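Dropping the structures in below, format is structure tokens.
In the two complexes that follow, chain A is the common piece, with chain B as its partner first and chain C second.
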Partner chain A sequence: MSGGGPPRKRNFKIEAFKQRVELDPKYAERTWKVLEHAIHEIYNHNASGLSFEELYRSAYNMVLHKYGEKLYDGLQSTMTRRLKETSKSIETAQGGLFLEELNAKWMEHNKALQMIRDILMYMDRTYVPAAHRTPVHELGLNLWRDHIIHSPMIHRRLLDTLLDLIHRERMGEVINRGLMRSITKMLMDLGPAVYQDDFEKPFLEVSASFYSGESQEFIECCDCGNYLKKAERRINEEMERVSHYLDAGSEVKITSVVEKEMIANHMHRLVHMENSGLVNMLVDDKYEDLGRMYALFRRVPDGLSTIRDVMTSYLRETGKQLVTDPERLKDPVEFVQRLLNEKDKHDKIISVAFGNDKTFQNALNSSFEFFINLNNRSPEFISLYVDDKLRKGLKGATEEDVEVILDKVMMLFRYLQEKDVFEKYYKQHLAKRLLSGKTVSDDAERSMIVKLKTECGYQFTSKLEGMFTDMKTSQDTMQDFYAKKSEELGDGPTLDVHILTTGSWPTQPSPPCNLPTEILTVCEKFRSYYLGTHNGRRLTWQTNMGTADIKATFGKGQKHELNVSTYQMCVLMLFNNADGLTYKDIERDTEIPASDLKRCLQSLACVKGKNVLRKEPMSKDISEDDTFYFNDKFTSKLVKVKIGTVVAQKESEPEKQETRQRVEEDRKPQIEAAIVRIMKSRRVLDHNSIVAEVTKQLQARFLPNPVVIKKRIESLIEREFLERDKVDRKLYRYLA
Partner chain B sequence: LGRGNRDKVQQFMTITGASEKVALQALKASDWHLEGAFDFFYSQPQISAVNTRHLEDIFNRYKEPDSDMIMVEGVSQLCNDLQVDPQDIVMLVISWHMKAATMCEFTRQEFIGGLQSIGVDSIEKFRGKLPSLRAELKDDNKFREIYNFAFTWAREKGQKSLSLETAIGMWQLLFAERNWPLLEHWCQFLQVRHNKAISRDTWAQLLEFVKTIDPQLSNYDDEGAWPYLIDEFVEYLTENGFVQRKK
Partner chain C sequence: MMGKGEAPAPREPEEEEDTGGVVKLISAEGFEFVVDKKAAMVSNTLRNMLTSPGGFSETRQGEVRFPEISTHILEKICQYFYWSLHYSSGKETAEFPIEPEITLELMMAANYLDA
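Presenting the complex of A and B:
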């Protein structure tokens, strides 16, 4: 024995067994049997008696000792056998119990599968990936799929059962939705391909033919509104169905089917249905039906454009009739009111039922633009409408009301192609309103001018504004005149002068007219006063535009105040010196032109309630052989009698021709200016391009006629502003 | 001189009215090719100083007694001496050579310059030249120049446009040569529908129309930027069934 020193290190070796220790194959078989038994027990709902730990360990051991394959194959064949039996039991289920049985067995299988997977987890994690085999859970699902769902007896029956239940639900029966949910979820769990191929595709096909049939039936017996209600209901139903027991991905697909079958395939028939189609809905303001149609048609391709097209052609047709109906054209104010009403009506439809859809607004605008311009008197009539409103229609209206109405009129104005024609008439009508003092509100007048200016620029309204300025200045001038000259004037007639700047006002050459002496005197006084302060100006009395208030005493002493035109005053004053006068006398003394004189005498002698003169013979028309007498017997309930004729009204044919001619003349220089502007910048341009550019530049005011443009070009060539290219006749060159 | 060349000399002299000496000169210069000889001849400054006096003489023969212009009477006399109708279109060609500003009037400069341009210094030679002057109308380019010249020449003094009556007269004269089938219709149309003076642009464009558009109007382009008067003429023809246009 040695002693003393530290203990010696010894190499400690654990040696392996000298012979390989193998698991006894019989042991493997035994272990497998245990597991197999366990699987059966699990399927038989006897799992509680099993020890998880033991089973796990058994499986573990098998895998560890390289018996993984045996384990896996055994699992597979056991499950397969099991499922085949399950399949039979499902097949034998009667009628309604089929689905329940299937569902129950599926639940079972899932539960079992979970347990089995837990037990075999080691294999799942080691052997399965290494051997590239399907994991246990997935295996279980695939086996279910292959042996149950795809089993010949079950496959067809399952699909038929599901489709039958859905069909019955569609027909109004109540079905077991929970069960359906379970089944479809099962199909989804088995893989989206299974759900789609074994259920969804056939489901969609069957639905398509179902709805095809149903839609055919409905469309034969329902009117459009009711049909749409049904279609809407069906779509909602399908969406609800999906949310309750189908996979969410099916929603879009099934709603497309319904949309196609019920809506897309019958679109035209619905829209054009007699007595209940789109046009009827529009006419009767059926907001709800229209809203429904919009919502439904929106879902299908070309749905909205179909509605839009039908609406557009209806609007154009109706509008065309409106503007060409001779009855309607008798009263311009009525005419424009009708247009405004139509616009309001359709605006409301678009806002309430079509969700303010811009494309529909555009269709409405283009339709109005189309038919308003079919009647070339539209500009005149719109101006007359405004005139009526500003003269009396807006009496008592609030500022807001005024704005609303004027804005609506502006909307119509925007549709006009010939805005320059409107300008001409507006000027005439405004002049009459201002001069007769017959405007409801100055603010309203100004508001309209502002709107026109915003729309068309200041050039459009500068003259109109000039007219207002003249009125104001005239007021000031009159005040000053009377302040300075009152003693000189004494008891003479009271003069109220409006001084109009030529160029701002639509003046026509004023024919001669002999004013009564008293009037002449005071007029001359005014003239010298005015020219005294405004050197270098020239004043011309516009006797065709004036008015007068005359006091008249009749036979029994009744006094009346007559409001007449200047011409009428001249005629009436003659009767201060004579009881009776012939036409020729009157003509000679007043020198009023024949046509005006005739109109004047007619209004004094032939109008009931206003006949301050008596005519012999008593015919309706004025002839040159008539004689006129002061009508002593004239009576009227009113003290103040209005006989004047200076009110804006629809022009007669010849007047209209004249105005149109003036408009055409005015357009020529505008066209030329545009041509010169364009050529100055482009230098060289071909004919068609010039026409297009000119049209573009002028379209805010009017639509130029290409023939007129051509004539203007030729005129400019004559005057050597342009020349034709020597080689290409179609090309023009600007000459500096 | 060979027989062929002698013939050429004769021909040359007849057509140009030149002397034999000049003919030989021209033909030799062009290697005995007649065409080349003509070119040579016409591009030469024609008359020497001596001949200019002849031209003055001729002018003085026809001019007015109290002004330096040949006026209507002088023109009439000239036509007589040339044995030509004053309405003959060759007068237009002559006026063109003279660059005359107005119908039936020639200034001294215009007249003498014209004679020089034509290449004559006597009335006889002038008479001899008439056929070749007429022949100038057959040349397309010359015809266009003469045609456009006619507008300014036939205008009243101080007017921008040509009076309708005069225009129609000129057209009948000019287009008789060209044989334009629509001439009658054109003149009638103008009298019925237009009845106003003719602008220069319309005048010039009408020639293009005559040259390029066939009498059935099959190649007339509505978008062709023709003057509006021609557009209206086309309408007139179609309305009255004078042409069958394929639309």
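Presenting the complex of A and C:
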């Protein structure tokens, strides 16, 4: 209280009441006796007879009259004496009652301490800070610590009792958690140092040896899944223990002890455990066990990387087997489907059990990238898979399903290093689909192109898009042709021409065969019409790529519509004028290239159910001495008979070599362009840097071979785009 | 100045029931002041006295004797309790008038009561 002005200014010194200036020398002694008596009474639970005001005033007066030190010392020695008695009574407590007695005495001490502090508050407020002594409450705690907790008869016994109780709880007994909580709280109240030194440290040591023993026992007799279950339960138990009766700060410490003893120390053994380790879990889709392993291993250093490494090597190993197994290579669609299934399986594991961990996704991706590129036919197979899906696989599928499948394919595509090889094959397959009208859904085709475009840019797909444009203009041209020339044509054969822009399509120039005269006339009409509307163009016939529908009448007058290739049509038309022809005759009359002719004849004469020709002698293969006859006895349940050419869907070895070679050829200008681009901006660069830069620029499409790059550089030097530095032969200069 | 309707006016000694919400302060001359506990707790000494565990006689009887504080000082103190209660929380302040002749005694009492 203060007068006037702002209230509560307390900085001034107050002198003693003036009527008390003359002091009885015995006064202090008498007053202390009163207070000492009161302290004993408080310990004896007799406080109700005491007047707070009187005691407070006594202490107040003692401090005021410079007897603070006497008061303080008196308090200290009185309390010490009381606590020594208390310690004896605790020491004599038997067995299980020990903790309870300790706790009860602690409660009493606490309460008494608070009362004492209250009546001695004036001393706490003025004398203690001035004399730099410990405040009453803290003094009381320190005395308790020194005379009770650290008393030789109690110290060890307390620790043993606590540890024993915890051990018993770990073994499944029920213990008095409330009491445990009070005791640990007491240790904390005495200061974190007391809790840590007198309880926590030994507790952690004992726990470590307990779990080290237990984990040893478990790992000998449990499989990996069960072991992890046990470890998880132990960790949860310890966390629960902390929440019930230990200080919250112990949680990290004790869990890390369990983690170290149960997980970190056995990590490798667990992961590689025979018949139940990580690989088995992956194989059997044990989401729960995998999830548990992830959650537990995440807690220890290097835990996740251990899982990841094992998973990666497992993926690489199985992937490698998958892509190099010659059995699997027989069916490209099945091959790609397997890859997709494998990817789906592990994607699910990562999302369900590994919390969609980015590092695991990366590991999965890099593993796929690794093994897909082990097989250089992967680009072809992936394209074949798309081809299969777009030809027939997607019939009846909804738009969403189509998108899903295409997205998956794109995912595999992203793993490819030789994207240009894929492009090459995709172009071939797309051309076949478009020309034979086999594509199921135009939307799906375009969707795939858009995906490729977003992935690799405009350049990659411009030719593919050109193919679609050609198809569209061809349609328009044909409509226009028939609209203008229908009366001229009469009722001859119907012609459907696809005009393909050279360069956009993967056509190999092949000499046209001799077409039957009926067809030739229509073709000539179309040629004159087309060249009449488009100046300066050149038309060549790709007879190796066409198809034809022809009507045929067989022996008993039954009529069939045959769907054949242009070559097959040419062959069949010959039989309108002759019953039997030798191979040589056919070859001479049609001028079909030998390999194509053999395949064509094989499909006409050797396929059961579709053998519209008869061959002599009968055999599976075509030889140059064979003779062919029109098969009068041909029958079929179907009116329309589709005669496929015997084509290996998968490329044969020489074809593959050829494609390879073409890809290599196509890469050359790309590598050169990259080199020139780089040198134009850098002017001077050494060899290794050029190789690195070129690789970087082109890796979205393929991985250029350093040897090839070197050859291209040499070729550019020859053509005087670059020159070698005169001093340093490793340096190249750009010549503008 | 007195925030509450219950005026801490001096009263003749008479029997007062312990109501829990109030506490009786008795001066050296025996005058009793009945104040809200809330107000009395402005003094830390009184706060401890009233909240200390273990039941001192004051807590049980609800009255505190001050043999060294005279009536007029105790009255002033009670007034201060209410003044403080009223103004300590809010922003508005008002002068708390203290007559110069009692300043010293009042200050000593304030030190005693830690208020």
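The criterion applied here is as follows: the second predicted complex is superposed on the first by the 705 of 736 C-alpha atoms of A that agree within 3 Å, B and C clash if a C-alpha of one lies under 4 Å from a C-alpha of the other, contacts with A are read in each partner's own complex, and residues count from 1 in each chain.
Definition applied: contacts are C-beta pairs under 8 Å (C-beta built on N, C-alpha and C of every residue); 3 or more make two chains touch, one makes a residue touch a chain.
What you see is a predicted model, and the numbers here were worked out from it, not measured in a lab.
Asker: Pick one for A:Ile717: touches chain B only (first), chain C only (second), both, or neither.
Answerer: Touch status of A:Ile717: first partner only.
Asker: With the two structures laid over each other on chain A, which partner does A:Lys633 touch: chain B (first), chain C (second), both, or neither?
Answerer: Neither partner.
Asker: Considering only touches as defined above, state whether A:Asn688 meets chain B (first), chain C (second), both or neither.
Answerer: In the superposition, A:Asn688 contacts chain B only.
Asker: One more residue to check, A:Glu53. First (chain B), second (chain C), both or neither?
Answerer: second
Asker: Should A:His155 be classified as contacting the first partner (chain B), the second (chain C), both, or neither?
Answerer: neither
Asker: Considering only touches as defined above, state whether A:Arg729 meets chain B (first), chain C (second), both or neither.
Answerer: The first partner, chain B, only.
Asker: I'd like to know which partner A:Arg81 touches here: chain B for first, chain C for second, both or neither.
Answerer: After superposition on chain A, A:Arg81 lies in contact with neither partner.
Asker: In this superposition, which partner touches a larger number of chain A residues, chain B or chain C?
Answerer: Ranking chain B and chain C by residues of chain A touched puts C first.
Asker: After the superposition on A, what does A:Lys348 contact: first (chain B), second (chain C), both or neither?
Answerer: In the superposition, A:Lys348 touches no partner, neither chain B nor chain C.
Asker: Quick check on the complex: what are the chain B residues that touch chain A?
Answerer: So the residues of chain B in touch with chain A come to 160-161, 199-202, 204-205, 208, 223-228, 231.
Asker: Can you list the residues on chain A that touch chain C in the complex?
Answerer: Checking each residue of chain A against chain C gives 1-4, 6-7, 12, 14, 17, 42, 45, 47-53, 56-57, 60, 111-112, 114-115, 118-119, 121-122, 125.
Asker: Contact residues on chain A for chain B in the complex?
Answerer: The contact residues of chain A facing chain B are 686-688, 707, 710-711, 714, 717-718, 724, 729-730.
Asker: Using the touch definition up top, name the residues of chain C that touch chain A in the complex.
Answerer: Residues of chain C touching chain A: 44-45, 48-49, 52-60, 64-68, 77, 80, 84, 87-88, 93, 95-98, 103, 106-115.
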